[in-house]
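Same chain, two partners: chain A is paired with chain B first, then with chain C.
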Partner chain A sequence: MRPPQTASDLPVLLPFRVSRTRARFAVGPVRAGLLGAGLAGLILVAPAFAQGPDAVLSPFQVVLRWAPLLLTGFALNVAISLIAMLLGTAAGVGLGLGLLSEGPILRRIAWALTQFFRNVPWLVLLFFVMFLVPFQVTVLGVRVPLPDWIKATVGFALPVMANVAEIVRAAVRSVPAAQWEAAESLAFTRRQTLFRIILPQCLKRMLPPWMNVYALIAMATVQASIVGVTEMLTLTAQVHAAEGGRPELFAPLYGFALLCFFLYCYPIDRLTARLERRFETA
Partner chain B sequence: MFDGASPMLSVPPADLPIVQLLDVHKSFGEAEVLKGISFAVRRGEVVCIIGPSGSGKSTLIRCINALVPLTSGMIRVDGIEVADPKLDKLALRRKVGMVFQQYNLFPHKTALENVMMAPIHVLGQDRREVEVRAHALLAKVRLAGKEAAYPGEMSGGQQQRVAIARSLAMRPDVMLFDEVTAALDPETVKEVLVTIRELAEEGMTCILVTHEMNFAREVADHVYFTDRGVIVEHGPPESLFSSAVDPRTRRFLSQVL
Partner chain C sequence: MDAVPNWFRSLYETTGFNFTVFYDPYDWHRYVNGLKITLLLMVTTILVSLVIGAVGAFIQGGPSRFLRSVVNGFVVVFRNTPPLVQIFFFYFGLGTLLPAARTADGLRVPLLDNVQWAIVSLALFAGAFNVEIFRSGIEAVPRTTVEAAESLGYTRRKAYLYVVLPLALRVCLPALNNNLINLLKTTTLAYAIAVPETLYAVKQIWSESQNVLEMMMVLLATYAVLVGVLVWIMHRWERALRIPGYSR
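Entry: the complex of A and B
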């Protein structure tokens, strides 16, 4: 079947562009951009073949038309993931220090919290937070509404907290005991030793696993669509419905969402791997 | 000389021991590592502890600054009872410096920062004053010019001398050395020993666990030979090294000399 030859067709829709992209991908170094372009080509071109010349917009045109809206949805996903990471990291460092505490009660409470939030499904946690947190809070007499996406962010921050706590604990434990001895014999207190000597040494070691958690949480933010947050996946479904729910739009629209997440998470993954290798040799 | 009303502030006369151990026992679970160790070190004295590996030497020296709690017995350092359950460990450790076999410098800090950290953060001293002193201490251990180097960029001998300077920056009354040359290349052992010898000559009270018999013979005022958790024999180095009485001491010395 011949591809549609309308004026709006971009060169990327033509078959020879796709094969050239893939050929370059095969010979050249793996680059996220090329991979993304290849994926985009496949996702957009395949349905274009399936569809004959028609009065309705081509799938590519549909994606193009809704892209600004879908990208605002994606921006919300990014915002949720970043804020969840921020909150979760702050709480997780505290919880991690609790895991390392010399007080047995504090240590056990921290341990129980960490284990709990690490070993429950994120989606179930999300539901819990959505139903347990009120839709508004009153701070100093001022009523502050809590939109759904804020509540979802808290829901994602909880597993981040537990995972960061474990990262902190493992990193501190990986510092040789001799460092503690040296600090002790110089009359540093335990707290000073932890904050001035042990943790600064751990920061590098904590970075790759921390970024790993971030990539996971960024991808998990689409679960917020299940609890009604209008992030990218919710918007994609709405756009699909608005376009009449045509089956051939399914792949391009959701493919666009896949592509956005892939282009966002893949570089993080590569950077994490690179940092891991560097710290291994260092 | 000093009035009895303020015993806390009094300095014992030079002939009274600054470090005193009495019947010190230490067990790790079932294993008894120290089986009744007693000795005394006077101010300005240099004491070497020698003996085969596993004879409890490192444990003994770690008991003195409370890195390892004792099982029973008494240790007193300049009036501080180490076995006291209410022991102020920080006060003890401000008096007692320690240098380790593996240097244990802080790898994320430069040589100068390693030396400056404890006086600033533990003693709360003025940063500029500490920095002047840290430069002087690094010069004293012959590392002037290495202030900005990180531990990973220095040889073992250089790191160990930074560790000595780091400990001295706290102005301790007693220095403990735990096999500080055992991990070093032979050619760098000497530079560390020279540094310790200078310290000893300046009157620093030193307790060394060492395998450097020649060094012990030249520098020590008193040598203790330990084996399996007890002091087998002790005396001034000239008599211990040349005319040891106990067969265990003689066997050990014949192996290492």
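Entry: the complex of A and C
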């Protein structure tokens, strides 16, 4: 608590809130798109001029030629992130309610799980899931194969779960205690209060941090290439090898991957920032 | 002194839990070296990223519109692209474009090796987040404080260094804390460019000794301890820097 201030006191510090940097070009989607395309051209074409005329294919042509394949890889990244987010959110809401439960044992267990999955590096968790989950499971005598990308998705869903649980807990804690008391005086049970009064108010507060987690997980999906999933980064390396492994192709190919992720994540980031601002004033 | 190795050896013989790191000197050596590289990555990237954050935030508040937009572009790009792709872009993309020396045998010796590239790209990644955190801290310093410093004859740089930054640092420490812990976790990505840090060393051990489960436990315990130590240090620092009479 800040000490009580008299009218003449100057504040030592103003309230602190992390706000996001905006790039100048973020004026409108059209201009952003044009600038992105221009940037792409720059990344792809610039090395082409540095090359001799006897080159086989310019880096720009290489990227253009392989773009459809690379973009299908990117689609797998997006799919992994969406499914991981779905699974993680479902599990995370449950875990978050566990964090808020009245039972001390359930609360302890939920707390330990949340802390564990929040504090372990994601790559380590990914290794954990990839190595310790079998490649197929037998359910009622039927063998269900688990392709590696599904396992990777589960690996990404675990940290999402822990982060969503924290978001749920923080959002519920941010609702004034008077709401709980008012509901209690109207003879709502604890469960009714939670599901009919508290959580509906929380949804709005939870949306921006939830989208933040999504952007993080979308960017983390490339880590699946380290454990052998054929997603965009793996394909990029393969494309590079297929084009003869010329060293000057590295920058444009990885630049293309950077660009794809930037064009996907930056709008999410802007939208999150806008929602945060709107809910802040509301 | 031999008690620990002997105990783990007997554990293997009786239960089958094969913690080779604790009784095989070769594996132990590899593990410790990995730990050293992780600590090196952690300390250097934290320090460099703090400098990037402080300098970037200084420029963001500066008069030059060009420098400001350069910093803004840097922050926006590094925040919204995957750190792993950044590492690859730097190490493979820029690493091969930069001039390289050659040894007498004609072997290519790059300007920066993979550990240094990992430090550079991780520091830039975390630095982008630090710029925003420091900037928000600076915005919390009242205009009147800066004016008071100016009226005492401080230049903009000196006022920033001696008045604004110390105050901003204190108010943004919790957010900084989060980012630095995140950075520690991100150092595992250096694995992808064969930096022999803890994850890399542990993976080598488990693929040679066939003890994935045991080494996974060692790995998780290692990172739990590292994160715990960093959290403890940051909390100590937070307490040491606390502004008397001002706590949120």
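The definition used in the following text is that the second predicted complex is superposed on the first by the 246 of 282 C-alpha atoms of A that agree within 3 Å, B and C clash if a C-alpha of one lies under 4 Å from a C-alpha of the other, contacts with A are read in each partner's own complex, and residues count from 1 in each chain.
Quick note on the criterion: a residue touches a chain if its C-beta (ideal position, glycine included) is under 8 Å from a C-beta of that chain, and two chains touch if they have at least 3 such contacts.
Treat the numbers as computed from the prediction; the structure is a model and nothing was measured.
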item	value
Touching partner for A:Pro147 - first (chain B), second (chain C), both, neither	neither
Which of chain B and chain C A:Pro134 touches, first, second, both or neither	neither
A:Tyr254 touches, of chain B and chain C: first, second, both or neither?	second
First, second, both or neither for A:Gly245, with chain B first and chain C second	neither
Partner with the higher number of touched chain A residues, chain C or chain B	C
Partner chain(s) touched by A:Ile226 [first = chain B, second = chain C, both, neither]	second
First, second, both or neither for A:Gly103, with chain B first and chain C second	neither
A:Tyr266 touches, of chain B and chain C: first, second, both or neither?	second
Contacts of A:Ala215 with chain B and chain C, given as first, second, both or neither	second
Chain B versus chain C as contact partner of A:Ile197, first or second or both or neither	first
Interface residues of chain A shared between complexes with chain B and chain C	none
Of all residues in chain B, those that touch chain A in their complex	65, 67, 89-90, 93-94, 96-98, 100, 102, 104-108, 117-118, 121-122, 163, 166-167, 170
Of chain A, residues touching chain B in the complex	178-179, 181-189, 192, 196-197, 200-201
Residue ranges of chain A touching chain C (in the complex, touch as defined)	1-3, 10-24, 26, 119-124, 127-128, 131-132, 215, 219-223, 225-226, 233, 247-248, 250-255, 257-258, 261-262, 265-266, 269
Residues on chain C engaged by chain A in the complex (per definition of touch)	60, 69, 71-73, 75-77, 79-86, 88-89, 92-94, 96-97, 131-133, 135-137, 139-142, 144-145, 167, 170-172, 175, 181, 185-189, 191-192, 199, 203, 212-213, 216, 219-220, 223-224, 227, 243, 245-248
